[in-house]
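In what follows, subunit A forms one complex with subunit B and a second complex with subunit C.
Up next is the complex of A and B:
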C-alpha cells in the first residue's frame, strides 16, 4: 500500500491521544464535582476509548495486532500521544480546560478527515461527528459558566489552567515527518492547517468566555510526544492502565 | 461508646488526586448556592410526544440539557429532549387533591356510552368492500 508509514503515523498519534485522554478523564469517575457531571464526564471518557478502539482497529486492518495488544503491550517510547493528554489533573478546572482545548482540536481534525482520501478514516470521521459535537458543547458550556458567568475563584482557577495548558495544547500540532506526504496524498491536510483552524475558533471562544489569552508568539509548544518522548506522567499511567491486563494477557473477557 | 475509625481508601484515585484522608465535617451548603432542578421530557421518535422521564440538578439550562442527555438519552433511542425548570411547572397544590376525589364515580362521562362507534365501523366495512370490488374489477 502507498503512503503506509504516513497513514500509520497519523493513526497511531490519534489513537494514542484518544486512549490516554480517555483514561485520564475516566479518573474522575466517581469523584467529579456533581453527580450528573460525573456521569457526563465518564460518558465522554468512554466515547474517547471508543474512538481509540476504532482507530486501533483501522491499524489492525493494515496488519497490526488487535486493539488490546496495541493498547496494553507497547512500551512508553512507542506511544505517539501529545503531552497534553498525559498530564494528571488534580484540579477539575484543569480537566475542563484541557477538555475544551483538546476536543476543539479533535473536532477540526475529524472535520478535515471527513474529506480524507483514505476511505475508512473518512467514514470514521463522519461517524464520530455527533459525539464530538456533544463533547465540545459540554466543554464550551463549562468554559462560559466558570469564566464570564462564574465567580472570581472559578475564573482565576480556569485562567490558571489555561495559562498552564496552552503550551501543551500547541503541542497537539507537533509536525510529523510525513506532513507533505499526507497532504499530497489527500489523506490529511496537515497539522499546520489544523492548528490555524483550531486557533480561529478557540481563541474567540475563550475570549468570549471571559479569559485572557497570553501572547501566542511567546509560547514554546511542548513537542516530543509524537516521536515517543513523553512527560514523566505517562509511564505511571501505563503501569496502572495495564495492571489487570498484565496479570493474564491471554485471559478471555 | 463509639470509636472513631479512619478508613484508608483502596481506590488509587484518592491518592492520585491528593484528596485529604481526614475530611473536615460537612457544614452544609450555603444558602442560595443550591443547584436548580429541571424536569426532563424525552422524545423517542420524530413526531412522538415528549414524555416526562425524571428530574436532574444543573447549574444552568445548557448544562441541564447536557446532563439530561446523559441521564435519559444515553442508552435508549432519542431524537430530542425538553428540559423545564421545575419551579416553572404550574401545578395543583397537594392539599387540593380533593378536587379529583369524585372523578372515578363519573363513569357516565365515558365515551363508551355512545352508539356512534357502530356506525363508524359499518361505514369502514362498506368502504373496504367497495375498494376490494374496484381493485378486482381493474384486474
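Up next is the complex of A and C:
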C-alpha cells in the first residue's frame, strides 16, 4: 500500500491520544466533584477508548496485531501520544481545561478527516462527529460556568490551568516527518492547518468565557510525544493500565 | 428447491426483530435502526450493523445474540459485520422503537433535519407527565446513548435517548 508509513504514524498518534486521554478521564470515575460530572467524565472516557479501539482496529487491517496487544504491550517509547494527555489527574480545573483544549482539537481533526482519501478513516470520522459534539458541548458549558459566570476563585483556578496547559496544547500539533506526504496524498491536510483551525475557534471561545490568552508567540510548544519522548507521567500510567494484562493476557472482566 | 430458497429475507428480518438491545430489553435492533444490510446467499447469511456509539459496550453482546438467533437457519455460515459507512443516527429509530422507549419511561430523541446541535438537548418532554418544564441535568447518563433530566412539574428525574 502506498503512503503506509505516513498513514500508520497518523493512526498511532490519534489512537494513543484517545487511549491515554480516555484513561486519564476514567480516573475521575467515583471521585469527580459532582455525580453528573462523574458520569460525564466516565462517559467521555468510554467514548475515547472506543475511538482508540476503532483506530487500533484500522491499524490491525494494515497488518498490525489486535487492539489489546497494541494498547497493552508496547513500550513507552513506542507510544505517539502528545504530552497534554499524559498529565496526571490532580486538579479538576486542569481536567476541565485540558478537556476543552483537547476536544476542540479533536473536533477539527475529525472534521478534516471526513474528507480523507483513506476511506475507512473518513467513515470513522463521520461516525465520531456526533459524539464529539457532546464532548465540546460539555467542555464549553463548564468553561463559561467557571469563567465569566463563575466566582473569583473558579476563574483564577481555570486561568491558572489555561496558563499551565497552553504549551502542552500547542504540542498536540507537533509536525510529523510525513506532513507533505499526508497532504499530497489527501489523507490528512496536516498539523499546521489543524492548529490554525483550532486557534480560530478556541481563542474567541476562551475570551468569551472570560479568560486571558497569553501571547502565543512567546510560548514554546511541548514537543516530543509524537516521536516517543514522553513526560515522566506516562510510564506510571502504562504500568497501572497494563497491570491486569501483564498478569494474565487472556483475563476477561 | 435448495435451502437458500427457503430462507427469505422476511424470515431473517423477523428473526432479527427478536434480538434486543441488552440495555433496553423491549427495543429490537431492527427498531433501533442499527441493521444496515442483509445478504442471503446459498449457505450463508450476512448481516451488517452500524454501532450507535463507537465505544458501545453492548456491541459484542448484540453480535453474539444475532449469531444465536440466526443459528436455526440451515446455513453453514452466519456473518455479522460492523461497518460505519452508514453512520447511525437517532433518526433511524422506527415509530415502534420510539413507542418502546416511551413505554419504558425514556423520552424518545427529538427528530432533527440535517445537522443536530447539542442545544436541542435543552428541551425535552417528560415521559412521565408530558410536561415541557424540564431541566437538563447532564448530557451524559448511565449509558452512552442517554442524557439525564429533571421534570420541574412532576419532580421526577428521567432520561432521554439523546439525539445523535
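Methods note: the second predicted complex is superposed on the first by the 249 of 253 C-alpha atoms of A that agree within 3 Å, B and C clash if a C-alpha of one lies under 4 Å from a C-alpha of the other, contacts with A are read in each partner's own complex, and residues count from 1 in each chain.
Convention: contacts are C-beta pairs under 8 Å (C-beta built on N, C-alpha and C of every residue); 3 or more make two chains touch, one makes a residue touch a chain.
Everything quoted here is computed from the prediction, not taken from an experiment.
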Superposed partners subunit B and subunit C on subunit A - clash or fit: clash
For A:244, select first, second, both or neither according to whether it touches subunit B, subunit C, the two together, or no partner. neither
Counting only touches as set out at the top, which of subunit B and subunit C does A:138 meet: first, second, both, neither? both
Of the partners subunit B and subunit C, which touch A:36 in the superposed model: first, second, both, neither? both
Taking the superposition as given, does A:156 touch the first partner, subunit B, the second, subunit C, both, or neither? neither
In the overlaid three-chain picture, which partner chain does A:90 touch, first (subunit B) or second (subunit C), both, or neither? first
After lining up the shared chain so the two structures overlap, which partner does A:130 touch, if you call subunit B first and subunit C second: first, second, both or neither? second
By the touch definition at the top of the document, which applies to A:47: first (subunit B), second (subunit C), both, or neither? second
Using the touch criterion from the header, give the chain among subunit B and subunit C with more contacted residues in subunit A. C
Out of 7-15, 79-87, 97-105 or 115-123, where does subunit B collide with subunit C after the chain A superposition? 79-87
Jot down the residues of subunit A that show up as touching in both complexes, subunit B in one and subunit C in the other. 36-37, 39-40, 43, 134, 137-138
Note which residues of subunit C are touching subunit A in the complex, please. 50-51, 53-57, 83-85, 87-89, 116-119, 121, 137-142, 144, 148, 162, 164
Counting only contacts in the complex, subunit A reaches subunit C at residues 36-37, 39-40, 42-44, 46-51, 53-54, 123-124, 126-131, 133-134, 137-138
Would you pull the subunit A residues touching subunit B in the complex into a rising list? 27, 30-31, 34-37, 39-40, 43, 88, 90, 134, 137-138, 141-142, 145, 149, 240
Please output the residues of subunit B touching subunit A within their complex, sorted ascending. 11-14, 16-19, 35, 56-60, 62-63, 66-67, 69-71, 74
